[in-house]
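Letters A, B, C, D, E and F name the chains as they come in the text, with residue numbers starting at 1 for each one.
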Amino acid sequence: MVHITRRERFSAAHRLYVKEWSDAENYNVFGACSNPNWHGHNYVLHVTVKGVPNKKTGFVENLKVLSKILKNKVISQLDHKNINLETPFMKGIIPSTENLALKIWQEIEPEINATNCTLHCVKVSETENNSAEYYGVFFEKNA
Amino acid sequence: MVHITRRERFSAAHRLYVKEWSDAENYNVFGACSNPNWHGHNYVLHVTVKGVPNKKTGFVENLKVLSKILKNKVISQLDHKNINLETPFMKGIIPSTENLALKIWQEIEPEINATNCTLHCVKVSETENNSAEYYGVFFEKNA
Amino acid sequence: MVHITRRERFSAAHRLYVKEWSDAENYNVFGACSNPNWHGHNYVLHVTVKGVPNKKTGFVENLKVLSKILKNKVISQLDHKNINLETPFMKGIIPSTENLALKIWQEIEPEINATNCTLHCVKVSETENNSAEYYGVFFEKNA
Amino acid sequence: MVHITRRERFSAAHRLYVKEWSDAENYNVFGACSNPNWHGHNYVLHVTVKGVPNKKTGFVENLKVLSKILKNKVISQLDHKNINLETPFMKGIIPSTENLALKIWQEIEPEINATNCTLHCVKVSETENNSAEYYGVFFEKNA
Amino acid sequence: MVHITRRERFSAAHRLYVKEWSDAENYNVFGACSNPNWHGHNYVLHVTVKGVPNKKTGFVENLKVLSKILKNKVISQLDHKNINLETPFMKGIIPSTENLALKIWQEIEPEINATNCTLHCVKVSETENNSAEYYGVFFEKNA
Amino acid sequence: MVHITRRERFSAAHRLYVKEWSDAENYNVFGACSNPNWHGHNYVLHVTVKGVPNKKTGFVENLKVLSKILKNKVISQLDHKNINLETPFMKGIIPSTENLALKIWQEIEPEINATNCTLHCVKVSETENNSAEYYGVFFEKNA
């Protein structure tokens, strides 16, 4: 079993806030990230899948296939978008880096597991200093 | 004469569009960058100043001083902001990377030239693939 | 359960040597790292914690909290210091990258586990080519 | 138990293709990577080993030893080589990133495990966007 | 006048050698780079153009236009190619990093100068340690 | 004329202070950099030379030659050293990044200009945020 990782990038706007809270409460928890006029990031996405390399091709997964899934299901919904307003799979969910990793996992897991490999990790980096990784429910049960 | 460079970072939202143009015209020129719901970037700023190192300190400029100017005049107006709506020195100016470099130059030149060194270059990187540099009017006259 | 990682940096001097050994013996094992006049590095620290994202905030841990723990307990004791002479939690311990990872873990684990998340990994990079990771005693028992 | 990682680099030519397939079939699966005239990459190798730091030296493994094993067994066989034609341990094996990780593992495991530590992971990055990791058979059995 | 820079990448095979020289002579000058079986790199290309930002768009040059020129004239001739055998504009020219920078300049200068901006610099990085920059004949005359 | 750049690295300890000043005065100007127990950095050195590529080899300068000069004259005197105490060419000079760039220039200029190319720039990066560049006296006279 070998793990392979594909890096993709997207640039998006977002805002961290809880609707029921006042601006002051939001600022207290989220700081400048709660700016009602939005701010944004160059996000970096690393998706890791695992499987047995095919005897002929040497591939766990053809990266063209993996990259296409990521572009169709994830990048097209996030790149140059406002995550709070425009990303269907983030509707009603606070767009923290943690939740992005979780929701991207849910978005791509069925398509990836329909190929010969298994989704292992979704990592979302918001800045060079901050990132989140999600390894799925199976991992949690067995950790 | 030695050049020194300080790197700073800011995360901001913006939109590229011309008010008088239709959405279709804007999309035709600016593509996804004209998204009316905004998008954003982790910008990287490199500011280069030049001068003669002080005999005692070995410094062209104490980086604490340079960093403070950059924070007060630039980063505080851009970080976690919407550049189109909230950055005073970008008011009414389309927030292309080129214009950001130009306007940051104008914002900091008086304060930097009031120290013992001269502003040499303002470089703004919007993504790992795209950046703009401005060297000032003097440079242009003598290039 | 989601993992989040915070990057911090510190610049420090150190020396690798065993007191009971001669200079020649130390040089034989540690090479130039045993230089009695010290040398130094720009260290990079990645700290990973894990937990369930809060329903409201979407945070496993507010990074302001994590960053504050790291600054108070770790960075303030290492940045612009001589690790052999000045870092309390490294007193009497040879400052290899491995030991830095181990000791930083011990230094921050109580404070991090007092929040709603669990310390998962401390990674210390000494140069772009060399790094060490520590995952704690629990991990070892269950590996 | 602590993990340490050493980064090494090698520049090599390769071609992905299945001998029994026509050029069209190869192109269909491997795209431009099947170019009969070869292409190449700056590969980055990260090798992670784990063990208990030595009480005296603080080292899981002296990186001079690890680096020497990597240079003798791996880098000398790959750097500035044509992997398909000239790398003994890749003879008859399609040089995908996955297979490089697998075969480098097999090449270095005996020598590394003859020291006081255990091989944990071999990671091969082909470009800034694509990489493969292998954790060995033991890991698979216990995953 | 503002400078803007676009980064592109290509992976290629090449060999440094002088046809009239023996293998030993070639090895003596070019070392492992003269390997008759080829080797390869992930090259990074930075192209800098300069001009006056358009009042409406804020662009010195629409990066879509610049990127398209680079893809048509340069990347399509180099990516996943053998530079010695397959790149038309390098035919009969030793593929040193210096010559790549020179020839890419000649390849793109007419098309770029047909837009409203001027080509300023072509930078080719062969590895993280080695790169070459070319600034054109005008620059040389006025340097 | 083409410019080529070679990157080298060194890890060293240093201290910024003026002997005649009190500890308080030094701290006031240099902050934590004046720590009497030293601190250190992973310095990155970029040396740029320029010249006409050789018709046969395509080289402005064989990088083996350039790298050898840098190792003999610079890296061997700085790597794993205390710059204040052990680097001959920095004796009596405050080891600011500016002065390192200046002095490295003086150290290598004669040897580089004895080859067929001209030294153009010495860049020293102390951290990912701070760097200094020196272009020589000729540049200053003609700037």
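One rule holds for everything that comes next: a residue touches a chain if its C-beta (ideal position, glycine included) is under 8 Å from a C-beta of that chain, and two chains touch if they have at least 3 such contacts.
Predicted, not measured: the structure shown is a model, and the values here were computed from it.
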item	value
Labels of chains that are neighbours to subunit E and to subunit F	B
Labels of chains that are neighbours to subunit C and to subunit F	none
Per Cα centroids, the chain farthest from subunit E	C
Subunit D against subunit C, contact positions shared by both copies (same if over half, else different)	different
Duplicate of the E-F contact set - from A-B, C-F or A-C, the pair where over half of the pairs recur	A-C
Centroid-based (C-alpha) most distant chain relative to subunit F	A
Length of the line joining the C-alpha centres of subunit B and subunit F, rounded to whole Å	28
Mean-CA-position distance for subunit F and subunit D (Å)	35
Geometric centre distance via CA averages, subunit E-subunit C, whole Å	42
Residue numbers of subunit A (touch at least two other chains)	31, 128
Contact pairs between chains, per stated definition	A-B, A-C, A-D, B-E, B-F, C-D, C-F, D-E, E-F
Residues on subunit B engaged by subunit A in the complex (per definition of touch)	9, 11-14, 31-33, 35, 37-42, 79-82, 85-86, 127-128
Complex interface listing, subunit F residues touching subunit B	16, 18, 29-31, 93-99, 101-102, 128-135, 139-140, 143
Touch list for subunit E against partner subunit B, complex	1-8, 48, 53, 56-60, 62-64
